[in-house]
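What follows is a short report on a single structure.
The letters A, B, C and D name the chains in turn, as written, and every chain counts its residues from 1.
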Amino acid sequence: MALVCLSDFEAYAKKHLPKAVWEFFAAGADESCTRDENLKAFKRIYFRPRVLRDMSTMDTRTTILGSEISFPVGIAPTGLHSLAWPDGERSTARAAEATNTCYIASTYSTCSVEEIVAAAPAGFRWFQLYIHRKRTLSEQLVRRVEALGFQALVLTADLPYTGKRRDDIRNNFQFLSSIKLKNFEGAFQDEDCSEYGMPPGSIDPSVNWNDISWLQSITCLPLIIKGILTKEDAELAMRHGVQGIIVSNHGGRQLDGVPASIDALVEITAAVQNKVEVYLDGGIRTGSDVLKALALGAKCVFIGRPAIWGLAYKGEEGLRKVLEILKDEFRLSMALAGCSNVSEIGRHLVQHSKL
Amino acid sequence: MALVCLSDFEAYAKKHLPKAVWEFFAAGADESCTRDENLKAFKRIYFRPRVLRDMSTMDTRTTILGSEISFPVGIAPTGLHSLAWPDGERSTARAAEATNTCYIASTYSTCSVEEIVAAAPAGFRWFQLYIHRKRTLSEQLVRRVEALGFQALVLTADLPYTGKRRDDIRNNFQFLSSIKLKNFEGAFQDEDCSEYGMPPGSIDPSVNWNDISWLQSITCLPLIIKGILTKEDAELAMRHGVQGIIVSNHGGRQLDGVPASIDALVEITAAVQNKVEVYLDGGIRTGSDVLKALALGAKCVFIGRPAIWGLAYKGEEGLRKVLEILKDEFRLSMALAGCSNVSEIGRHLVQHSKL
Amino acid sequence: MALVCLSDFEAYAKKHLPKAVWEFFAAGADESCTRDENLKAFKRIYFRPRVLRDMSTMDTRTTILGSEISFPVGIAPTGLHSLAWPDGERSTARAAEATNTCYIASTYSTCSVEEIVAAAPAGFRWFQLYIHRKRTLSEQLVRRVEALGFQALVLTADLPYTGKRRDDIRNNFQFLSSIKLKNFEGAFQDEDCSEYGMPPGSIDPSVNWNDISWLQSITCLPLIIKGILTKEDAELAMRHGVQGIIVSNHGGRQLDGVPASIDALVEITAAVQNKVEVYLDGGIRTGSDVLKALALGAKCVFIGRPAIWGLAYKGEEGLRKVLEILKDEFRLSMALAGCSNVSEIGRHLVQHSKL
Amino acid sequence: MALVCLSDFEAYAKKHLPKAVWEFFAAGADESCTRDENLKAFKRIYFRPRVLRDMSTMDTRTTILGSEISFPVGIAPTGLHSLAWPDGERSTARAAEATNTCYIASTYSTCSVEEIVAAAPAGFRWFQLYIHRKRTLSEQLVRRVEALGFQALVLTADLPYTGKRRDDIRNNFQFLSSIKLKNFEGAFQDEDCSEYGMPPGSIDPSVNWNDISWLQSITCLPLIIKGILTKEDAELAMRHGVQGIIVSNHGGRQLDGVPASIDALVEITAAVQNKVEVYLDGGIRTGSDVLKALALGAKCVFIGRPAIWGLAYKGEEGLRKVLEILKDEFRLSMALAGCSNVSEIGRHLVQHSKL
């Protein structure tokens, strides 16, 4: 059957991935309320479409941190792509490069950052960072990605500890020994790597705003904070000199009970007032979701699980198809809403019955 | 089993039409949220019925653009009626004529406008127009319908491009070669007519408010804009001298995520202040829906899919039955709400918890 | 299985009554939205219960129009009781008498008012009236019930025409020829009595506020208007000198899309300001529903379908059981809410998130 | 299968307990609306989590009435534990002692208070009291628990009569003669003990605020009132010199239609202004529920049915597991919300769309 929309890819992935792998990617924390809310919240936002405008020339391009991308959808950082497709993040990188969009590679990649760059040398990439208890491990990684031409660091801020994903516990989720977190090859020899491929408790729960200065001292890369859900933290981020904010609830995988990211976006863009770029991940399933997020102030959105579904379907080709579908849907939504280019998208385009 | 309400006709049509044909008519865009919302929104509107009024004489007649119709429900423009019943729009025209109501014939008819007029010479008709990239094609069509006695032009404003209807893509929807868009007979010979019977991209996406003047320059017919969902566009329409507005989201087939048409109606009638007539299509399933729309300011409503279901049941006879049921239900709803004629229907009759 | 609550009786009746009879009693108009809303609306009302009050002596008695009843629940007028239990309204009358509450006998009774009185001579009864096109028929009926000791007339105001109940049309609902509207015995000989036992269109749709004076001129009985849903009509009723108002939507059987009666009650008791008594029917299923209605200003409530279910179970005995359950539940709800007698029930007892 | 969250224990208990026993513990009053609302209400409360705070040291300890507990979750008073596990409340006491939290033993225990103390001598315990019609019975019980080192009395205020639990009536719920309310051993010899092990109507429905003084005159123990749902009663409780309030609707087992306890908590903590401690039971299923309750002003929460499920799984071990899961989840929720100790939890942490 033809796969015509992202949920078709979801159905495919659910059917073809091993159960424990599917559940790992699908999992939300605890009761998965926030994971599900991420989708439902988009349905409470209504367009105010304008008609009888010249839509003969459509332009979906935009820029993020000064770089042009073909449309405002990038690849969110998710781990363990080799579980979805043998070639892993190499395929992801190639698909993003081919689509001319941004790929945020994860610390938890199953290909090394060097392999990722080799697979798609011309790609536009950011690197997602968790700060390790052994700071030197993180420092080395930052230096590697800076040297490799990654164009920004994305610090994940919402994971002092890993959220409770019930299915992973039930499945005693362990991936095949053939799959490794390649960025840390050799770092944890003889250690117990049972927590998603790293020694339990590897990520430093003491990380706080003061560590921003440390990061800024070891790299010239722009810094983006991922996982902010309140205006208070958005203001702190700006005060600490970051270049961007990703409004995210980690796909509902960390604290269950936080708002949908699209609901949190509103207060954050109001507070940020365009002083830094604001992005969003969580719940994007159609091109009209992208349009809603941009109307509410996001400069770009990122897809997590849908990218995995694309990989699970056919690796690079599958993910390209996912991205192309989103791009076509986004372009069509723009046209039907009366916007021929991204700069015409604004708050006036939607009505949002707040949480 | 007796068919006693419109949803009985829906069930009949779903059971008897070929799957791809059923899905073509039933389709909404993307996730069909707006299509479904069109119905749900009516349920959020409550009557304030008045009792102990003399309801012995009931009068459901009204006028639209000065012409009397037997009750305020007309036939919305939908295409490809021959897919539902062999005789196609000829049956539609006859049923509307017999019921003494208004039929808006579609550009996408499978009978020519001449055949439609021949089938029901005394019928009251408007013509729905898409503007073709080759303007002469549209101009010729306008001149033909004006000469044939159609009494208004209805310009569809919400389709610079066709919405994404997933089932049509999955079904690779193509109708039988025996079915043609008869209004364009001979126009696209040897061309690929795979987009619902026209060459892909035939409809001009550049159409904008300036084209209203062009239309007004080639015809004396009153002009109605269909597909307006905001007060801003309603005001623009009035400024451009149109005679009427159809509040419509194209049955949820264009931009998914726009409000139900009955929800959009409120702000538009408030803005229009009776300066032009406002109509509505989308979600009408019972006579009480008609009454709610009129209470919120619509002069008349139009039915789309229910007309198709009537045709699918028994052609002209089936559609007449659908119209008669709606008329009886509307009359009864009026009486039970305490209105013996249409002029007594007003905003006081309903409470509407706004979106 | 023990029947412990009203919905157990509903399940019993659904299982044991002939399908068409069940559907006749269960039917709402059109899509039955209002019928279902009648129940759902009670769920949106929350108690503010008070604790640590002396609840050792509970008193559920109240008065309506000056007469004492054992608890504030009476029998609403519903027709055709012989369809539920052979003995028909005789059983109903006996159960009400035994429970010491008020029974509103229906014009559409299958026992004559004389038979009803004979069955339960000491009962407290009102008579529900539809005004017939032949006014003498109604006048005679009024004089009969006044002479028989009925203590009030209840004029149904919301039925200029009968609502559209789809199942009755599908079932071509006709009751056995052995079942007759006994109050009109001999009145319609050789006439077509296909509309629920009366000639079609018997009820006069011209009835209006002026007819109140006529009624008042032919009887000394107090007059109650049933079927009022707006404060405007409540005010008109008071101006026309009625003694009571029953807030009712006819069990959702007339105009579909009107509010739940409990939702309409709020604005009406606010307007009436205790100048006349206000009652309610529609959606009462538990003793706590009764308590909510009284907290919102009703002096008494009436049950329609639950009375039928009781009859269907075991005639008089079944209905007594229904009434006893409701009384026990009401007494318990009062105690748990901190009210030891009816006069302590008031608006402070509930919070109501208005429609 | 591993039991990883409280609802896993629920599923286990439902599967393994005899039907009537399961239904006794699961029952809500009447339609169980409030029982279900207790859970749903938590889902309407959203966190405002703060990120990038040092979460390396987590401390879940708090105090209630001056005593330290390992985390703010205790065991609510529920009766008849021997129905869930042969060892009954002895197991409960041991699990609470091992976890270092507070156990509120019920008047309806199937072990005597002496047996409870003997089973877990070092445990921190309160005693839940119903006041018996024979006051001496209650007085003796109070003196016994005071002598045994229980540290507070919890007076249940919302049960002048027992709520109507339909399943118990249907099941004619009677527990085995081998199971006794041990606190009253010998007290009701030759009496009919068919109401949950006591003579019907044993609990005194006349109990009111004046009885608080009586209780205070016979014991030095701090007094906590359980079952308050309004600010008015919270103020009365403070005026009568109580030391604490448990916001509770008795697990939805008393008056159906009252708000969820978490919804009632808001107005009560606002009224109490920290003058006495406020606790909550009802609907706690995850650690994030605990965090929400504390954010809205509760000093501690208590679990009822989840404790039973733990017992039903494996007695003391099962309940310890339930408590450990809740503690781990609470600690993780705190960390993900940005609170490293309980004192950092406050109203700012949540947004609550009020009832």
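Observations on the structure shown:
By our rule, a contact is a pair of C-beta atoms (placed from the backbone, for glycine too) under 8 Å apart; a residue touches a chain by one contact, two chains touch by 3 or more.
Being a predicted model, the structure only gives us computed values, none of them experimental.
When you average the Cα atoms of each chain and compare centres, the chain farthest from chain B turns out to be D.
In this structure chain C contacts its sequence twin chain D using mostly different residue numbers, the overlap staying below half.
When the CA atoms of chain A are superposed on chain D, the rotation angle comes to 90 degrees (nearest 5). Between chain C and chain D, the centres computed from C-alpha atoms are 42 Å apart. Centres computed as Cα averages put chain B at a distance of 60 Å from chain D. Chains touching one another, given as pairs, are A-B, A-D, B-C, C-D. Taken in their complex, chain B has these residues touching chain A: 30-31, 33, 157-158, 160-161, 163-164, 166, 169-170, 172, 204-209, 211-212, 225, 227-230, 232-233, 236, 254-259, 355.
Interface residues of chain C, counted against chain D in their complex, comprise 1-2, 4-5, 42-43, 45-56, 286, 288, 292, 328-329, 332-333, 335-337, 351, 353.
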